[in-house]
Amino acid sequence: MIESLRVAASTYASDIDNLITLIGVLVGFWFILCEVVFFWLIWRYRAKPGVKAEYVTGEEKSQKRWITIPHLLVLVCDVFIIWGAVRVWVEVKQHLPEDATHVVRVMSQQWAWSFDHPGPDGILDTDDDIRTVDELHVQVDTPTIFKLESRDVLHSFSIPAFRLKQDAIPGRVITGWFQPNLTGTFDIQCAEICGIGHALMPARVVVESAEEHAAWIAEKSATHLASATNP
Amino acid sequence: MAQTVPSEAHGHDAHHHVETFWSKYVFSTDHKMIAKQYMFTGLAMGAIGAFFAYVFRMQLAFPGMSVPGYGMVGPNEYNMLVTNHGTIMIFWVAMPVLIAAFGNFLIPLMLGCDDMVFPRINRLSYQIFLLSAIVLICGFFVEGGGFGGAWTSYPPLSANAKYNLTPLGQSFWLVAVALEFVAFLLGGINFITTTMNSRAPGMKMTDIPMVIWMIVIASILFMVSVGPLIAGAVMLFMDQQVGTHFYDPTTGGDPILWQHLFWFFGHPEVYVVLLPAMGITADVMATFARKKLFAYRTVLYTAIGTGVLSFTVWAHHQFIAGIDPRMAHVFTITTLLISIPIAEMCFVYIATLWGGSITLTTPMLWALAFVAEFLIGGVTGIFLGASGADIYFHDTYFVLAHFHYTFFPIAIIGTYAGITYWFPKMFGRMMNDTLGKIHFWGTIIPFNLIFIPLFILGAAGQHRRIYDYSLFPELATPELQAVRVFATVSLLVMLAFQAVFIFNFVTSLRRGKKAGENPWKANTLEWSAASPPPHGNWPEGLPSVYRGPYEYAHPDREEDYWPQHLPN
Amino acid sequence: MSARPIATTRSTAGMPTGRLAVWWVIASEIVIFGGLLGSYIMHRLNHDAWSNHAANTNVYIGTFNTLVLLTSSLSAVLAHKAADAQDGPKAARFLFLTMLGGATFVVVKAFEWRMEIHHGFTITANTFWSFYYTAAGLHALHVIAGVIIMGIVAQQAKKNLELHRVELIGVYWHFVDVVWIFLFPLLYIAK
């Protein structure tokens, strides 16, 4: 459903999309049923001359059943949705891939994004780190951990193509992960209003093959755009 | 226990009022006049909120072009417009019209008494409300401009002018909201005490019309939920103006505290406005389907249950805000569970139509539209309450479309249902039904054409509160821009049709057909008073009640309605 | 004095309307103070350093003020008793004593704060002191408002008018007392 509007470029993107489709099918069923019954009743019981309405209290058991049975079925549907949602949430928000060695720092501020990438040594917070502004470079099919921070107010790190979103809170480091499975360049949006420049901090994530990524690292290291420490 | 009626009859007229323009229209303590003051103020604020929507939607459809009637919309103006559109529509339109206007007008009339219990506190509540509106509007014109940190006002952005760049605007906004809260707390005093204590003799709790119950439950819900936010607002004001650091993480404060305090109120608040709209819908549907409301007790208990449950769901607004991820499971469960009582109410309303004799008057069209449209709002909420799906949808236009499919039925459809239904009682004249229907279709069809596209934009990953999407390559496509233009054009059409309503309202006041006491052949007590009721409502003596409010099509009776006040 | 609507005189719920109204006001205040104190408690649990700051509040002044408020609540009860016995002037005298207690509380607090500010414990010193002044300040505003309303009720009671209001302002006063009973241990004793 969502994929037709926004490409799915990470491993958990399709899990989120499938959950959305599950919800869509279940609520869609109830929605269509209710609307059809509703409009049919309006037409069926339109006022006709000489025909009086019926006196129905709704307090009899046989009448109440028309309400209690549907709403028990709604409860069953809710249980399915809860189960689906919990599964996806645990996968995305409560678990970090064990095999992830690639860590990036995402720093948000009024009004730009800066990203610290590990340099050729593959370790973050060493002298050869590469800092960029508004452009994040990652490697396809590589589980990547991000450390999200803010310099001032609340921001939110959002990559719709990855189905990724996490608010950034000043004073805290929030950890998350993603694994891109499609090369290309995708939008990064700030998803928490952060002042006058909230719409003026677009960024891009560049998902590269292993060779391209290694070449990029080599090129950046050579021009010494490293910045060793972060505030 | 029940009082005898005749000895009460002259209590109210024991002294004579000398009415001047000021005492009758400006400083009135009569609940009906106060109701109209709230209603007209609310509708005027609604026009301002709608104007803001026009401006920012024009900016979105035609970025960078000067908006006719406003001028250029820069990022700070845009933020101020969306912030105050939301703030105004919730606090200065939905609440005053649905709760204060209809509550004030209907409670004494539907309960068979001559006024609210504390008329002067009632007047004071309106005066504070008016003051709050004035403070809010003044805030748009102070140096630095109006506050633009969204109606949710999250710190640190909202707590410090070095971040929000609106040193005065930030506090004008906050003080205005706080004053509005105080006005509604005061108003609630009257709603509760009058309903609990001043019912007509013979009126049991289950004889109270559903709209009154809903307004009372909403008032209680508001009162209980707003306290922590008032505390939070005091702390935010201190941060803004005194230099404290309640919400500043660099000195030991916590920005997430505000979020909890805000949403602990914010979620019950949506039910505060939903319940009265559902109440209006119930009464209108019963009247025009000529049918007893299905399972009255179930509706009542469900409404109370929804109110209670509404206190357990708040952090679904904060799933990705940095709260402990385990908490998300709790709130997904509670949020999905609250869909059960809401679904139940929808089923009950649909069941009320079964076996009815339905006339599609203008009020009935609005009431039916409420159910049909609110269903969309309700089911799309499920996507947001499911934590895993909310990861994608949070802060997108999907959220915006969802809450417009709940708020628009509540605040706009509910209001129009109530106004077209009770206009004859309020003003003694009928509105033109043909114009009413033109207005109805000219509002409902464009409404859907505005917001269904917004679901699509949200599903495509478009985020909220962004004044220009040209900088985002994935969103700056011609297809998506066409969707934005389509939504804006639909809004222009919808706004144009509101002129039909205004024309109908104003001309009907003067030249509408005289209404008579009970033009709709309804059962509830207000229809036994004159149209409009004089000061004291029933100068000939307050009514007593002999049956429930929805005795339509009773088998023991030839006519298909049986007013509450008739002995047999 | 304008005529009351008939609505005011009815009592279907069995409780006089004035009493229902006061309880509504108190309920709304409970949630406000509850929110503030709840926030304080959450902050305090997360910041051990606060006990260092809290060590600087003056438990003797706090205790004295607590006794003043409790005594003033006693005189409010006696005022109610007198009003029930239809003795307006006596009720007014007891209300005046209550007002005196409230005024004493506020004056003592003013000196207390002056002393603390002099020592550098200002509202912006750190978040503990921000809470201290905000919570106690909000409470003090309620004390002052209560004293003013009590003055109005006492004036009327002296002339044997509106005696039912003596009970109502008394209920409000007890609430103000109870809030202090919560504030006192949180701000002065928990160190």
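Brief remarks on what is shown
Labels A, B and C are assigned to the chains in the order they are written; within every chain, residues are numbered from 1.
Convention: contacts are C-beta pairs under 8 Å (C-beta built on N, C-alpha and C of every residue); 3 or more make two chains touch, one makes a residue touch a chain.
What you are looking at is a predicted structure, and each value in this text was computed from that prediction instead of being measured.
In terms of which chains touch, the assembly is arranged as an unbranched chain of neighbours. Ranking every chain by how far its Cα centroid lies from the centroid of chain A, the top place goes to C.
Centres computed as Cα averages put chain B at a distance of 34 Å from chain C. Centre to centre, using the average C-alpha position, chain A and chain B are separated by 31 Å. In this assembly, the C-alpha centroid of chain A lies 49 Å from the C-alpha centroid of chain C. Counting partner chains per residue, chain A has no residue touching two or more of them. Multi-chain contact residues of chain C, defined as those touching 2 or more other chains: none present.
Listed in rising order, the residues of chain A touching chain B in the complex are 1-2, 5-6, 15-16, 19-20, 23-24, 27-28, 30-31, 34-35, 37-39, 41-42, 45-48, 51-59, 63-64, 66-67, 70-71, 74-75, 78, 81-82, 84-89, 92-94, 110, 152-154, 156, 158, 160-161, 163-167, 169-172, 174, 186-187, 189-200, 202, 204.
Across the complex, chain A is touched by residues 75-76, 78-79, 148-150, 154-157, 163-165, 249-250, 255-256, 289-298, 320-322, 325-326, 328-329, 332-333, 336-337, 339-340, 343-344, 346-348, 350-360, 368, 371-372, 375-376, 379-380, 382-383, 386-389, 391-392, 394-395, 456, 459-461, 463-468, 471-475, 552-555, 560 of chain B. On chain C, the positions that touch chain B within their shared complex are 2-13, 15, 17, 20-21, 24-25, 27-36, 38-39, 42-43, 46-47, 49, 123-124, 126-127, 130-131, 134, 138. Against chain C, in their complex, chain B makes its touches with residues 1-3, 8, 11-12, 14-15, 29, 108, 113-119, 121, 185, 188-189, 192-194, 196-199, 203, 223-232, 234-235, 238, 242-246, 251-254, 257, 261, 536, 542.
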